[in-house]
Structure formats: structure tokens, C-alpha cells
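One chain, chain A, links the two complexes that follow: it is found with chain B in the first and with chain C in the second.
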Partner chain A sequence: MKKTHFELIILGSGPAGLTAGLYAARARLDHLLIEKGAAGGQVLLTDWVDNYPGFPDGLSGFELAEKMEAHARRFGLNTLTANVVSMDLSQTPKRLTTEDGEQLSCNALIICTGARPQLLGIPGEVEFTGRGVSYCATCDAPFYRNMHVAVVGGGNTAVQEASHLTKFASRVTLIHRRDALRATKIVQERAFANDKIDFIWNSHITAIEGEKGVERIHIKDNSGKETSLAVDGVFILIGVIPNSEMLPLQLLKAEHGGFIPTDNETRTAIAGVMAAGDIRSKEVRQIVNAAGEGATAVLAAEHYLNNSTL
Partner chain B sequence: MKKTHFELIILGSGPAGLTAGLYAARARLDHLLIEKGAAGGQVLLTDWVDNYPGFPDGLSGFELAEKMEAHARRFGLNTLTANVVSMDLSQTPKRLTTEDGEQLSCNALIICTGARPQLLGIPGEVEFTGRGVSYCATCDAPFYRNMHVAVVGGGNTAVQEASHLTKFASRVTLIHRRDALRATKIVQERAFANDKIDFIWNSHITAIEGEKGVERIHIKDNSGKETSLAVDGVFILIGVIPNSEMLPLQLLKAEHGGFIPTDNETRTAIAGVMAAGDIRSKEVRQIVNAAGEGATAVLAAEHYLNNSTL
Partner chain C sequence: MASDKVQAINDANFKTTISASVPCLVDFWAPWCGPCKAIGPVIEDLAEEYKGKVTILKMNVDDNPATPGQFGIRAIPTLILFKNGEIVDQITGAVGKKQLVDLISKAL
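Here is the complex of A and B:
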């Protein structure tokens, strides 16, 4: 009979899930990592990773995901490819249901389902992701030395990152659909005082074009007037969406549209349920801190399993 | 004139400090990383690192430290070798004083001074560290498949790790200087019920011996009787000491003998001061989560610098 109960289930196979898998396998926990598709999560969409410590020359997102997966497999990672669509975390054991109707259960659960950037949904956006279109200035700013980049957004992230980008780019054009920014006052003031930043108000991008990489964007203002602007890159910083559709958000006390609050040890509001990586309610979403949280989560899970009377 | 003021100072060059350095350099922050000795911290004392995600075959601690340092240097890390002996964090800018009397100041500070294991201070202990003597079962347990290991200690960590080690070792002997354990009841019960674990009470190790690696330990009980025991490894799990001698512990609301409490974003009780890595008050001390916290700390520092009116 197929095994359906595990001490620990890890949901998701990005850097947090793969690191949790590595630690769970090394700890010889009775575990299962459930992955929806190929291992790597958002890292697979990242052309080049220059800021995961220990790889001085950088490496492709694909290569990093492969290495992380191979690492966990070396220690005996158990995986299942399935799409979990719902779960019952109100009792022990915790129960998960897949799209195919399969039922799985576990005593401890680590949620690593990640998040995804809010897309504009315009022609050229997906095609040029990693080749001029970026959703992370912290990751990609250094690739744009002495270039002209556009930033889309008006919140704290967009405005702060516009200022940050001027340390590399020669010119930053911030495009916002309203006539005022939402960012904190002082962040706004610094952007306004920065002569490398110019602003296009009441406007949105309608298309991204180029040959090998981004060369220009089309902009439409609220009166319907269209223009185009030559740029080398576009940073789309309009928000992050948690992959939390399958989660019991109320029980997990989810906030900001589905992110899961945790304590410093990645424990959620539900005993025996941890959350690691981009799905956590937090400020900084980087590969290395997702990985770090994956390790912390397994040790928190072990602690829970060792100290509970299940 | 020599520059003595920086936007950001990072104190310490273990995985947390080096990752903070990488992120600070990449963000082109006006920064200085102060290292006491060679970069790497405790990683330099680690013979083989098998659990830093992305290196499926493992690598030596020395090699990982070198790679992390080279990575940060590639992006322009600025370092100073100095021993900071005191600091004034009660005002802005924050002031640091080195052993040589040098004065440095900064607007934001990231404390990554780390921690060190409590040693037994017996012959053979230092000589065999990394060759049979270990202070981290999570890191080293898989090296002891089908071997006999001793565990020294009686607290939660020691007893939990003794149970954990039985997943690999064929026999675990726990040696405790008292006649009862301090660990949580249920953790104790599981250890007592585990027939791979035996206990030597009211005793301490007086020496560790062997040729290339650990072969035997000498044990003395409280009545003075001496015996010896053949073992392949010794896990010394009697506590962790924070490297906090130079820190204003009261201002930082330090706890558990000098560890620094922080929020999820690594912010301490002092505005503009972050703490990352083993110096943080936390449960899990692993290379990858130290690194992750280093990244988080720089983004928290940037946020502080962007939003303060310094």
C-alpha cells in the first residue's frame, strides 16, 4: 500500500523547500517534499543569480536550483509531484488533498509555497523577463551600470529602488499611474532630490519591445496619449502575490493578502506548522534568506515532533 | 586623512558578516566590514561543510569561507582588520573603539560577532576538533553511521541530539556530570526508551585520545574512579557562548548571557542597529541561516538609512 502519512511534509520546492528537504533528509526525518513542477521555484525564472553567497562568479538560476536539488537528493530527499489544492490544519494529523484527490497526512508541515511578482500583463513582459525585465532591484541593479532604466510603481519599494538604481544606472525614469507617490515622505523627498530620476505621472506602460533585450517601452497617459521611450531595462515593482490559494488563511492569521506571519523560528499560529521563504510575512525576499528559513523550519519541526505527545 | 565615518559598519566576518558585506557592497553602501582575524568565523574551524545548500558534494569550511569572501570582494567589499573592544550606541553616529585606540563611527551597525561553543578544556579536545570532536550534531551526525559516539551534556540540546544521533550511530553513550538530566521530560523519556542510548551518570570526561581520529575517552566519576571508553566520536553539547564582550548588553537588552534579541527583520532594541548570525538570540545556529540574516540585516539597514533624517 502506498505510504500516505509522514512525520513531516514540506510543501514547495524553491530554495526554502529544497533547504528544508536537505535538512529533513539529513536528519532522517520521515518526510515528503511535495513539488508542483520542477524544483527551484522562482529561481528557475532567474536568468543569473549573483547574490547567493559562495558563488563568486554567480550562476544561472537553473544551475542553482539543480545544485540545491542534487544536494538534498544526495541525502535521500523524498519527493512527490502533485498540486495540493486544500488542507485541513485544524486537527492532528494535518491533512492535505491534491488536485487528483489524493489524501496525505503529516504531524508537522512546512509551508514553502513562495510568492510571485505582480505582473503588468502587457506584451513583451514575459518574453523579456531576465533579459531586461526585472522584478527585483536588489538582485539585478548591478547589471545596469550606466544604462537607462524604467521603474514602474509608486509605493515604497518602487521609489526606494528607483533611488537605489541610480547608484548604477545613469538615468532612471519612474512611471506611475497616479499623480502622487504612495511611498513614505522621506523616501519620496530623496527621489525628488535625485537628479538622475525623472517622473512620468498618470501613465502606464502598454508594451515592452526590443530584439535580444529590452530597447523601448510604450507609454499611455490617462488622457490616452501614447509615447515611446528608449530604455535598457524595466523594473516592475508593483507588488508581490503570495502563493496561498491552498492555505487556510484564517487559521494561519494570514496578512497583507495571504502572507503568513511567523515568529523568529518560522513557527506559524498553528502548532506544528512552519512557514519559510517568500510566503512568510516579511520585508526581505532573497534566495539566501529563504534557504536559511528552510533550515530553521526543519529544526523547529524536529523540536515540535520531539516535544509533542503525538 | 583616513576615513573614519561610514554609513554602515558590519562587525564580524563569519557567514553573516560576509553575506552582509556582499549585500552592502552590491548596494553600493558606504560601508566597512571589520574583521578580527581571517574571514570565515567558526566556519574556519569546520573541517567539512555538508549542509550549506548548493554544494551537493560538500566543501571544506576553509573553502566556503574563501568563496564567500571572494564573492563579496568581487563587488567591492571594504574591510579593516581590527579588534573592536568597546562602543557607544547611545547616540548617532554610533561610535566604535578598537584595541589600538582607533575611533570609527557609523549611522547603521550590523553586529555579526558570532558565538563559540563552550569547551570542556581537556587534553585532546582542541586537537581532535573536526576529527572526531564535534559541537554540532545537526552538522556532523551523518559522518558517524554505525559508529559509537559519546555525548557530553544533560540539557535539551544534548539529550535531543543523543536521540538524533541514534539515527546514524549504532550506539550513543551520554555522559553527564549529575545524576539527572535537565532536558524537558518528554525529551528525557524518549532518550531513556531508546535502547541505542546508554548513560554514564555523575561523571565527566578528562581526556580524549587517538591516533588520526578519536579512539577513546577517559572518564572520571564523582567518587574519583577512572575508566576509559572506546568511542569513534565525542559530541560536546554543554552550551554556546556569545561573542558579546564588546557590546553594550544593557542597551541591546541582551539575554541568555549575552545573545541579542531581534525582530524578524534582525532589528535590535537600538534603532539603526541590526544583529545577524549566531550572536542573535535564537534556537537554530546554522551557516545558511546566518547568511540569510546577513542579507536581511543589510536591507533593514538600508531601510533605516533611507527613512531616517540623519
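Here is the complex of A and C:
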């Protein structure tokens, strides 16, 4: 019979999940890491990672994800590809149900389901997704060779990917709702020094229009003045929303639209349930934080497994 | 994705392949695309599960620019479902298995 109960289940295979997997495998914990698709999470959306310690020359998001996975596998990481759609965390063992109706259970659970790009929610956005509207510059930049694209956002992702887009696009217009960027200084400096990037400040886009694909966007500034701009594509990089649809949000005391609060040891409101990575309620969402939290979560899980009477 | 479980097609044989009587789902992907990689295992599962009922195919958009251009594809992964050579529906992004099963069911 197929094994369905584990001491520890790790849900998600981004940097937090893979680091938790590495620590769990090395601790010889009876574990299972459940991944939805290939490992890597949002790192796979990142063109270039320049701030992960130990890689002084930087490396692609792709490569970092592969290295993290290989590292955990070297110690015997157990994985299952499945999409968990619901769970019962009100009792121990904790029970998880997959899309295919498969039931799994565990004594301790680490939630590393991460986050996904936030939508703007404006007319034309959904209609033109894949035909000019994109949430992944790394994936789609090569389609915009010698074209003019807009980037919406002012954080690290938006500004870094605006620079990446200039390798293909002839012109990149960054539209930000404030008068200053939030991105890390070195990322800003590179963008300001790039003569293919221009900026529209204190403005947001209100609609995306075109025939077969995106042809123009409507922009409104903070004084209410409206203009339109002809572009071939729009990259929407305005932040993330939590992948929390499968979680019991009330029991976990979720906040800010589904992020999970924890203590310093990544313990959630439910005993034996930890949360690590972008799903955690926190200010800073860096790869290195996610990895660190994944390690913390396994140590907290071990402590729980050794000290609770299950 | 770059696997042998899913048949790769190209600009040259695209038209004849998708005109077959069995519906086809074409995964437009590229090696530099993370989300394309992420949905790879799901595409392989589907190829196995729908064997004989729906042909699951993949096209590398880097090597084959003409076909994605013809369909106005400007983001990947894009998955287009064809029946008798006509588009039934399409979806973009690293969507879940259920969404792909729902998409495929439109041609069955």
C-alpha cells in the first residue's frame, strides 16, 4: 500500500520549501515535500538573482532553483507532485486532500505555498493576458524585440525587470503611482542610467486597449489628468497575493488578504503548523529570507515532534 | 517542455499535425521560461492520461517563430486547444492541472 502518513509534510517547492526539504532530509525526518509543478516557485519568474549570498557573480533564477532542488535531493528529499486543495488542521494527524481526491496526513506541517503576481483589475487586463499583458518579464521579454512596452510598478521586481526588458524592447516606459521608486538603490541606479527607460510618475493605468493584441494604455495622474500611450505590451509587476486558497484561514488567523502570521520560530496559531517564505505575513520578501525561514521551520517542526505527545 | 513524453512539433509540420481528427493541445514554450518548466510535469501527466483521445504537443517558440506569430502569442506558456484544425480555446500562464483538464474537456 502507498504510504500516506508522514511525520512532516512540506507544502510548496519554492526556496522556503526546498530549504525545509534539505533540512528535513538531512535530519532524517520521515517527510514528504508536495510540489505543484517543477521546483522553484517565483524564483523561476526571476531573470537574474544578484543578491543570494555565495554566488558572487549572480545566477539566473532558473539555475538557483535547480541548484536548490539538487541540493535537497542529494540528501534524499521525498517529493510528490500534487495540487492540495483543502486540509483539516483542527486535529492531529493533520489531513490534506489533493485535487485528485488523494488523502495524506502528517503530525507536523510546514506551509510554503508562496505568492503569485497581483493583477491590476482594470479593463482589458484579463482579455489581453498572453496577447500583450504579461506578469513575467523573464518569460516574455523576447517577444518584444524592438517594440515599446510599459512596466507598471515601482518595487524591485518592476524596476529590475524594466532593465531586463531593454535587452529586447527599444523603449520601456515605467509607470509608478508615487514620485519615487521603492526598489533597492543599486537597482534604481541601473534603471536611471539606462537611456531606453523613461518614467511616468504619480500615475496609474486605467485601461488596456487594442484589437488583436495590446495597442495602447490609458493613464491617469494623481491630479486626475488622463492621457493615452501607444505600447505593444504591458508588464504588470505591482506585488504579490498569497497562495492561500487551500488553507484554513480562520484557524491560522490569516491577515492582509491571506498571509499567515507566525512567531519568530515560524510557528503559526496552530500547534505543529509552521509557515515559511512569501506566504508568511511579513515586510521583506527576499529569496534569502525564504530559505532561512524554511530552515527555521524544520527546526521548529522537529522540536514539536520531539516534545508533543501525539 | 523538453521531455520525450510529449511530441515536439515545428513550423513545418504544425498545420498537418493539428489538422488531425483527434483534438490537439499545443504547449508553446521556451527553454528560458520558468513557468513553462513549472507546468512541464503536468503536461506530461496529461499526455499520458489523454493518450488516444487528445494529442498533447509542444512547440519551442525560440526555434519556431512563425506559428506563435501567426497566433499572436506574446507570452508563454500559452496552451492552445485545436479541433479539426480550428482553435477551440486557449490559456496562458502556469495554470493548474484542473484548469487544463477543463480546457481539454471543451474539445471532447
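A few remarks follow.
Here is the rule we go by: the second predicted complex is superposed on the first by the 189 of 310 C-alpha atoms of A that agree within 3 Å, B and C clash if a C-alpha of one lies under 4 Å from a C-alpha of the other, contacts with A are read in each partner's own complex, and residues count from 1 in each chain.
In this section, a residue touches a chain if its C-beta (ideal position, glycine included) is under 8 Å from a C-beta of that chain, and two chains touch if they have at least 3 such contacts.
These numbers come from a predicted model, not from an experiment.
Once the two complexes are overlaid on the shared chain, A:F143 sits against chain C while remaining clear of chain B. When the shared chain is aligned, chain B comes close enough to touch A:A70, but chain C does not. Of the two partner chains placed around the shared chain by superposition, chain B is the only one that A:K282 touches, whereas chain C remains out of contact. One of chain B and chain C touches more residues of chain A, and that partner is B. Contacts of A:N51 after superposition on the shared chain: chain B is touched, whereas chain C is not.
In the superposition on chain A, A:N107 makes contact with neither chain B nor chain C. Touch criterion not met for A:S244: it reaches neither chain B nor chain C.
Shared contact residues of chain A with chain B and chain C: 138, 142. Contact residues of chain C toward chain A in the complex are 30, 32-42, 45, 62, 72-76, 78, 90, 92-94, 96-98. Interface residues of chain A, counted against chain C in their complex, comprise 36-38, 40, 43-46, 61-62, 65, 81, 83, 99, 129-136, 138-140, 142-144, 212-213, 233.
Chain contact summary for the complex, chain B toward chain A: residues 15, 18-19, 22-23, 26-28, 50-57, 64, 67-68, 70-75, 138, 141-142, 160, 163-164, 167-168, 184, 186-187, 190, 262-265, 280, 282-284, 286, 288-296, 299-300, 302-303, 306-309.
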